[in-house]
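Handing you a structure now.
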Amino acid sequence: MSATSTGPTGWKRALGLVPFAAFFFLPLYAMADFSTRTIQGLGRTLNGWRNLIADPQIYAAILTSLGLAALTVTLMLMLLVPTMIWVRLRAPWATRIIEFLCLLPLTIPALVIVVGMRDVYLWVVWIFGESALTLSFVYTILVLPYAYRAIDGALSSIDVKTLSEAARSLGAGWGTTIARIVVPNIWSGILSAAFISIAVVLGEYTIASLAGYQNLQVVIVTIGKADGMTAVAASLATLLFGFVLLLTLSVLTRGRSQTLTPEPLDGSHS
Amino acid sequence: MQLTRVAAAALTASVSLFALTACGPPSSSNDNAGSDAASATSAEDLGGMDALIKAAQKEGELNVIALPPTWANYGEIIKTFADKYKIKVNSALPDAASQDEINAAKQQKGKSTAPDVFDVGQSVALANTDMFAPYKVATWGDVPDGFKEETGLWVNDYGGYMAIGYNSDKVPDVTKLSDLLAPEFKGAVALNGDPTQAGAAFSGVMMAALANGGSADDIAPGVNFFEKLKNAGNFVAVDPTPATIESGQTPVVLDWDYLNAAETAKLPSWKVVIPSDGAPVAGYYFQAINKDAPHPAAARLWQEFLYSDEGQNLWLAGGARPIRGDAMAKAGTIDKAKWDALPTVAGTPVTPTEAQNKAAADYLAANWAKVVG
Amino acid sequence: MTMSFTRGSVRNALPLVPFFIFLLIFLIIPTVSVVNGSISQDGSYSLDKLAALSDGAAMGALLKSVLLSAVTAVIGAVLGAVLAWLIVSSPPTSVFRRVVTSICSVLAQFGGVALAFAFIATIGYSGVLTAWSKSVGGPDLYGTGWLYSVTGLILVYTYFQIPLMVIVFLPALEGLRVQWREAAVSLGATSRQYWTQVAGPLLAPAFLGATLLLFANAFAAYATAAALVSQGNPILPLMIRTALTSEVVLGQAGFAYALAFEMIIVVAIIMVGYGLLVRRTSRWLQ
């Protein structure tokens, strides 16, 4: 636990936080207000929110985006977790390469990826069909930087080598070692990676719109042209859902920030 | 060092994969590609209209794209066709633009969801004739020359004139374009899209050019007019939608007369006028059949339906001018009330040629940003 | 550590192959396609498309993008640093801190369309604040739709730049040990001297690095701008949109490649700077 750093406390802090709170909460309040207005401006209605389920277009888009999120998380975990564990155990020379590749999507904007992926996706569509779910391939790339950091942080906090050697010496195969020994110990990192990936996928617009797929954000924009109320309701719903997701994550990982490394002998730690 | 070996392996893999993706996937032809319907250039080739109807019903479905229900009454057209022939119509991406239709056809080539027919603007149509299949409808002779491609690759389907639609409850009456520079129109005038992107907005600027001393070859006065409009604070760079019109955010909209007319049906105070201070700008849309249509017979039946008296009158009901309008008026098969109700035009309509379009588009691409910012 | 090429090494590298292939197909090849597409013309190599980047409209879009990114990066960095400073005194496990960091994560990650609609709902034509201002006789907040122009984008971008700054800068502020302040005070430094001579120089690389990250974030942002600005291509990402979807000016897919290439270059330069600054930061602020 780090010592609390310098910073104002008490009423000075409260005073400083007020303008920020106002700036950030006003648009959210406005969204809540806007999405429950009737057209004439009198009274309240939940039509905008009801449309999230009643309107077939939005409902289908919500399902599509949720499906995309699930697929992306699965793909990302299947790709990243074994690779990163393996790198730590057997191929440490690849650490820098993997790190560079995983952080590369931060430098290559989604806009560039969607322009350059046209040829690749002609093949993807030919093999897998034109369901929007094929976007999960490129979405996995988009979430790599965040997922990598989360899982890497968790892997750094446990001694993978010792654990796996112990497991192997007791007769466990590689599959069992990874699945039943290492993974439960990096669970907070995996959860963190999964939740952030879900947030990114649900909010993704660039690639879906320019590649011509109908995911949640694309449909929100389309609907926004005709029915502002429902579009704002959908946007607020996504924000609230993401907030609940990330708050849950921070609650779940609260007790797991303890490290398992031995204390340094000279007692010097912050 | 194994690092170099890995790098070498990666390089080989990437080069080969890159070469592989650079050439597209094998274009899988769908089951119907070789069928009789796909190569039919008229109903006679298949043995008459009844045979065509039977073949289409056997296919059972039709894929259309970019046809909003309130655009020239397409909602009712689709429903009438589906009910009449018992063929399921899949209407994809109603808000897509002409280029999106071509993109979708290319991307979904060989798939059962590829678009069967296109309804696109002039530039996109003329640039993509290699994707169309030639077909001449039964009423081919009624379409004037110059409005159809001689082998039937494309035919003009409906058109209109650029008009000014305005909410008479919110702004004073408008008869000509220069009226819009008045201070009563502050923050009121909108174009239907960005002229460098959307055909309707492009024609709007062309209309302004014709009203200010320009011509089909010279769109600069049109751009200058919008600059004046912007400086007066009258121009809003917001896409008009039924929502913005009804809320009053865009009380004046420059758009095709049939699209503005659709709004009058919803908002009685919405009036449509073709400005009198310049030659009217005419624009027709182009109808074509996808060469690789997954439902070739249904696509051809759709074409026959659109150019039949019934289909043409349905377009007229949407406020658009059907291409066979004059011939039908002579034959007495047109819906006379609606035909007479179409806005009158003064002066000879101007339809820019493809070359004029391209020159104007290039000028806009270079100069429009300076106006709108 | 050098290792000779043995069978074991190949076996060790093999499980990494799926990962590399996946990245190759979905990241490397698109990037290479963009670069290749921008320097080739009908099969042979040519610099025509890149030359088109120096055209008036393209240059204007680049300049506006840079301006928008720089302004929002600086505003976001300063305000975000202040906000981070305000919350750093709570322990990391306190409810308050966790709620605030969750909110910041959501706002920084979600961005895009949701925020565009949030602002339309606030100061759009029928926005809540606009209506309230009208009812109390205040200024006309909607005006001629400035929200849908670059000015509007500055306001909306700031909304997600500040949380991003908080997330990125908070660890650096945390690394500022209380002991250092105590040591400085015990040596006779005033608060001002502490900030200008101890904390300032320590935080500067982190602050500058975070600002660069914010710049790259704003520069590459597309969704918010696309949702707000439906007419005009004032900034680079929107110009790419027009190049890909316009039905008026055709055959611009190649121009889109050149524009995308330009984006990669700018963002890459910024990220290299960011990397260098992060390395300097990590020396002191573990």
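Here are a few things to note about the model shown:
So that you can tell them apart, the chains are marked A, B and C in the order they are listed, and the count of residues begins at 1 in each.
The rule we apply is simple: a residue touches a chain if its C-beta (ideal position, glycine included) is under 8 Å from a C-beta of that chain, and two chains touch if they have at least 3 such contacts.
All of these numbers come straight from a predicted model, not from anything done at the bench.
Farthest from chain A, judged by the mean position of CA atoms in each chain, is B.
Annotation: A-C is the more contact-rich of the chain pairs A-C and B-C, by number of C-beta pairs in contact. Centre-to-centre separation between chain A and chain B, using Cα means, comes to 40 Å.
Centre to centre, using the average C-alpha position, chain A and chain C are separated by 17 Å.
Averaged C-alpha coordinates give centres for chain B and chain C that are 38 Å from one another.
Each of residues 3, 13, 20, 25, 29, 32-33, 126, 245 in chain C touches at least two other chains. Contact with two or more other chains is made by residues 2, 6, 21, 100, 239 of chain B. Taken residue by residue, chain A touches two or more other chains at 93-94, 119-120, 228, whereas all remaining positions touch fewer.
Interface residues of chain C facing chain B in the complex, by the touch rule stated above, are 2-3, 5, 9-10, 13, 20-21, 24-25, 28-29, 32-33, 55-57, 60-61, 125-126, 143-145, 148-150, 229-234, 242, 245-251. Taken together, the chain A residues at the contact with chain C in this complex read 1-9, 13, 16-17, 20, 23-24, 26-31, 33-35, 79-80, 82-83, 86-87, 90-91, 93-94, 98, 101, 104-113, 115-120, 137-138, 140-141, 196, 199-200, 202-206, 209-210, 217, 220-221, 224, 228, 231-232, 235-236, 238-239, 242-243, 246-247, 249-251, 254, 257, 270.
Across the complex, chain B is touched by residues 93-94, 119-123, 125-127, 129-130, 212, 214, 222, 225-228 of chain A.
Those residues of chain B that touch chain A in the complex are listed here as 2-3, 6, 20-22, 24-26, 28, 93, 95, 100, 103-104, 107-108, 110-111, 113, 239, 241-243.
Interface residues of chain B, counted against chain C in their complex, comprise 1-2, 5-6, 10, 13-14, 17-18, 21, 97-100, 120-121, 123-124, 127, 186-187, 191, 193-199, 201-202, 233, 235-239, 244, 247-249, 361-362, 364-366, 368-370, 372-373.
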